[in-house]
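Worksheet: the structure to be examined is printed underneath.
Labels A, B, C, D and E are assigned to the chains in the order they are written; within every chain, residues are numbered from 1.
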């Protein structure tokens, strides 16, 4: 190998450490309090989220009650903290099934193509014709209000986004030369799909998962606000905003802090999503 | 500069491949026949053991489709491909896997031909594992061996594709194909995405490996200079057909088909002294959705006559191992326009 | 070559492109003159800065890319000229065509609209006259049944036709200089052949000067009058086209020519340039080609060798230009 | 929550105010309601949503007197009862007209009353049950009675005895009375001070002044003063109040008690707490099994008593009614005649509650669900408070939020375990609420399923009893039995909270709940 | 635009409508118990339920039931509201215009907000202007619609009294005035969605070679921006707008509830609390038909804007 040997210096140095993007870092930092509150609300919350204190009704934020109290004397801070678990649960449960089911289906139909793809495509087209919230509300109306039925409804509708994303990516990646190479190398279709195509095709779905989690929280809170989601006295942020709306003028803190928590949670997931989009993009 | 006179390793007969063109609902309801892209039409070709067969042609001529049909990436519509006597198109399961061990493909794009999430070592080890080519203990040694075979250092195994230059990535692609210890390599535009100075490095590697491992190579490219340099024989394709096959020196020195002649003339010559004012060929390539009747080249051919419209010319032997699909060379016909 | 007879005079052109991993010094002190009616080839491999140079001539770079130096046209320096004034030159006096006609034509405007837009802007021609002129232009670039095709959208054209249409658009203002950025790279050989001939014919007919950026030495040999070779953001050699191919005066040019397959050496190993080009985020010390050069000595290190004039019209930045063998000579 | 016979009118003072010297005529009053009416037929309707505005559309022969103790002339100028008490003769006011200008005849009266007393027609036919037959001639209508009935004049002043135009009703499309009623009620023509002019279901209803109304105002001209009333349906309490505060509407009903003090402090508003006969309680399903077949812990009287003991009424009054209410000590309001002042109710006693639950085998409590009106802050406040209180004895309360209409529907089907409820009398007599709350054969004791033979026997006697003293003794017994059986959770009595712009005068919601706009005007 | 393309798209909508009917038909059959009781509410007597069953053909096999359902639909019969006792079609006819007005208004406000800011953010990319705009809309995307609505209601409506608290108003001016806050609530949310995509669309177009070509022609910046950049970026905006009509309607459901606007959104919520299944069914159908029509229009507009579509 005399003439062809390239100099080894030609191989660029591996840039082993990737810098974590500021958006991702900020998102992860913001996520910490939510995770803590969701995992150990009892340790963090100074009071019970449901106990009344008639001696402390509608108190403005103070050292004793940093977020004030509501019309039953419940500590708003404690309710917001306990609400974290409910809303994080909503974020996860409204997205997990759609993500898993939609992605798998997308991977399969995108890879196999033909009639399976066409059939699922038609179903998906149909589902998106129904406004998301309307369909979820209609299903909840039929099944009855409550978180479980909300999850069922969201799952029935939410998979489409993931199916589209993953299917599109799989179709695109199926055409790439590395996927073709994998086939020519004699790899089984399962291996080509799972080992080669899916890891590359799933990225947008993971990024979307984050956005979807914030949308899931918003949806859960909206349904809670409308009385179709979590039921009182569950300290769910949307329900809390609804509880506090009569006091918007006289006691802004009752709905203000849960509203703030909702927004912050949304921003957190969006930031993580944006950050992940950067971090998961393969270098080329 | 003599062609290798080996036995036929790959024998392609009447290979035809079409792709359906998208069709609207309305047209379907009206019962309009579905349009198809004619990628390959009745392709006959023989690749001999140990030789490098160059396949040239412009975009849309079907050369990449042919390559992909040969490695079973695309199912063919019609025709046969025999590899060492075995019917390739009917292979399935383990048989197909064994075929792929013998016939490998190397791809064009150094950026997309490697899975961006797998290190070079993982790429190579996966091949070895799936085909059970090495026991676990011997795996690392083999990976190093393969890397050094293509001129890459052993530490390259730990890196991801994006850490390599284009030329290095093509080397990795070659190593991946070589991991299977194939007899035959189908190289689709192997170096066309690389800069000239790097092209030469990869070309040299290919030459060297071919010598060392006795590979048969199907070299698909549009760069005539490269094809001329590397190939023992060359097949020229136009609109899904093979229009001429000949030993390299014959083809470049005595091109027979009017298209081959135009193609050679159109390729910019490196000597500024050889300048021509008029273009070698006028007109544009017809749509592969709407291939002309008879000879596909007749719409641009300066010699076209009536028969070219009605009758499709067959690939005929014209001596010295040269085959041409052109009515001008049909001894049965009176017209002789050479 | 005196400045007076040049259409375009480029001096000390520098382009700096900020990237996440540091500033890319893409063009470094480029000097050249474009003469009336000539085709100047700007040759180099990917990343050599040839396209960046071309865009800098027209001031197409946007913030945060920094361009310094002089590009003199008609007595004015185009670098740093306010956009409003620049527009009198850009597109009017100097036009440009691009590599990918598919992406360089606006997909939502018809070819006719895209030509007329130019006529209106620079020639003040509108209405029926514009239509007639547009037809004439399409005809000029060899598009059959030009009048009917004005209403077509770019996607309805074939690749070659699109490139012709783009040339027609660029020529609408009857420019004195045409900048062509790899105009045939995306095309097939036979179509490339047609387009190159077309460019040469139009150059004759319209008396334009052309700067042709390409990486294809064959295209250079067949099209250009003079050649400027770029490597790592610098011009390393300029020469008349015949001289260049006969006797390159820079080790890099020599390497390029040598790495090409030679008709006489069937299936013999080629002579590649080893290694790969430097990363322009770190300024090279000495000659940028030194790490890959077979002729390099300590003399190549130190200051980066400037482009020095040789006999005739030639100039080179190679310290060892006198020692370089001919293209065909075998190296030891 | 509804049915009522009206007549208390403990509002003389308020009414007197409306007789102030200068009234302003004209203008449209926009009034925010929490829900829309459903069926504007005086006989066949079944909800307060209808009843409380019906008398604005349909007038009655007699009207409740302004002091609330008796009746005053309406469409009839006077009535006379025969000496044996078995006949009642009414003289119609001359020249009275329906809203379309056609005359109101004695035949219309006979037809209307016959329709209203037909036993199958609606929930209120019982109030006219003593009528045997009706004869109409010229300007008089004579009612022949089966037995003497001292409550009949009051019944004739009640919404279901409203006078409707027979011809127009019968001209309405439909095969039978129910279908005709439905068609007619879409665009009813009545005899009241207003007439329906536009109705967008569930969003707004506009009533226009009836130019043919007989009653004269303080200025000597025909009532009503207003040109029109527009009811805007704003289910959300907060939005309703905000719209009132911003002046977009001039009145809003069902102000959450939590906000009474805030609105009282608003100088632009007149926060009214109209005295009422309203009692707030929680109805319990006393049946052994629920509709879905599961066992019902509430069927055990000890459990029901325990829940009553576990309910801290004083705390609820503070939390839920913001001090505006008072504890309920009988099933009837303390404003109802024959209310027994010696009743003690259920004091707050957790120990007793626990003991009772343990005795009933629910030492570890149980889960129970309660229907609530969605969007009602009061219901939510009440139930979240009860969740807390009952949680102390292990009872886990689930809240099921429903809109008013379907909540009613659910309970009518006995498909509930508990529901929030409130009652307002329609007639100034304890018999009505007793019939509903304690007598099984009427509506299964407001669908609780409560049935007590002794109570029913005493009640039957009381219905014949003319001596007020004896009747009071009977009612004391009835109230005691009911209290011990505890078919409901006794909560508190509350007023009607209505907030108005300062310039809205002469509006009154009578203790029976009816919204009276007849003499309402917008001051300059 | 070629007629065949329009025809093609129109034909494609038919199977969608049929499938939508099937889904809506099946929706109520998900209910425990029989649909007749659901439709009539719990107060219906067994006789009435039986009669209704016969009238509605509910005693027939499911496919026949569906055909009957479809037939009634084709005659414009959406059934009768069980709580309000009027034909659902009448309710829809009364209230749909309100919702349409609101959503179109919101879409217009959204576009007015998003387009110039997206252009600004794209042109000034990676500067503080860009960060600020993106930050604001990032938060906007995370703000619950009902919360924004409540804040607007309280601050701009009640406290400052700049805008009415709710209602629909009279006449065009009245509608515009009354629906400003709800439309802004929705529009802001929509703008947040649009801005993100539009900004990257503009960025992508800005780096497109045809923009460079346009600049090399010496065209004015404004011409380059409007003719070349925006015209192409608008294609994705229109598509995005169309795709988000569902989100807009969902938002309208919430805003109408908060602002007491008598539209179909509030009707839907009222119907759910009233267990008014005919209304839920009818509205779901109406919404789906509406969305598919919007998709159709979007496609046609897209084809109009992008000549590549119909030729593909």
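One rule holds for everything that comes next: a contact is a pair of C-beta atoms (placed from the backbone, for glycine too) under 8 Å apart; a residue touches a chain by one contact, two chains touch by 3 or more.
Note that this is a predicted model, so its numbers are computed, not measured.
K.L.:
Going by C-alpha centres, which chain is most central here?
P.N.:
Ranked by how close its C-alpha centre lies to the overall one, first comes E.
K.L.:
Count the C-beta pairs in contact for A-D and for D-E, then report the pair with the higher count.
P.N.:
More C-beta contacts join the chains of D-E.
K.L.:
Between chain B and chain D, what is the gap in Å from one C-alpha centre to the other?
P.N.:
91
K.L.:
If you average the Cα atoms of chain B and of chain E to get two centres, how far apart are those centres in Å?
P.N.:
52
K.L.:
How many Å are there between the centre of chain B and the centre of chain C, using C-alpha atoms for each centre?
P.N.:
Going by mean C-alpha positions, chain B sits 32 Å from chain C.
K.L.:
Which residues of chain E are in contact with two or more other chains?
P.N.:
153-154, 158, 257, 273, 275
K.L.:
Provide the list of chain D residues touching at least two other chains, using ranges where the numbers run on.
P.N.:
Residues 236, 374, 401.
K.L.:
Among all residues of chain C, which ones touch two or more of the remaining chains?
P.N.:
In chain C, 269, 271-272, 274, 276 touch at least two other chains.
K.L.:
Using the touch rule from the top, collect the residues of chain B that touch chain A in their complex.
P.N.:
Touch list, chain B to chain A: 68, 71-73, 96-97, 100-101, 104-105, 107-109, 111-118, 126-127, 130-131, 148, 151-153, 155-156, 158-165, 167-168, 173, 176-177, 180, 201, 204-205, 208.
K.L.:
Given the complex with chain E, which residues does chain A contribute to the contact?
P.N.:
122, 125-126, 128-135, 137-143, 214, 218, 221-222, 225-228, 238, 241-242, 245, 248-249, 255, 259, 262-267, 269-271
K.L.:
Could you list, by residue number, the parts of chain D that touch chain A in their complex?
P.N.:
236-238, 241, 256, 258-259, 262, 315, 318-319, 374-375, 377, 380-381, 383-385, 387-388, 398-401
K.L.:
Residues of chain C touching chain E in their complex?
P.N.:
Per the stated touch rule, the residues are 55, 58, 60, 83, 86-92, 95-100, 103-110, 117-118, 121-122, 153, 155-156, 166, 169-170, 173, 179.
K.L.:
What does chain E use to touch chain A in their complex?
P.N.:
Within the complex, chain E touches chain A at residues 15-16, 19-20, 23, 27-28, 30-31, 138-139, 141-147, 150-151, 153-154, 158-159, 243, 245-251, 253-254, 257, 268-269, 271-273, 275, 277, 280, 283-284, 287-288, 291-292, 295.
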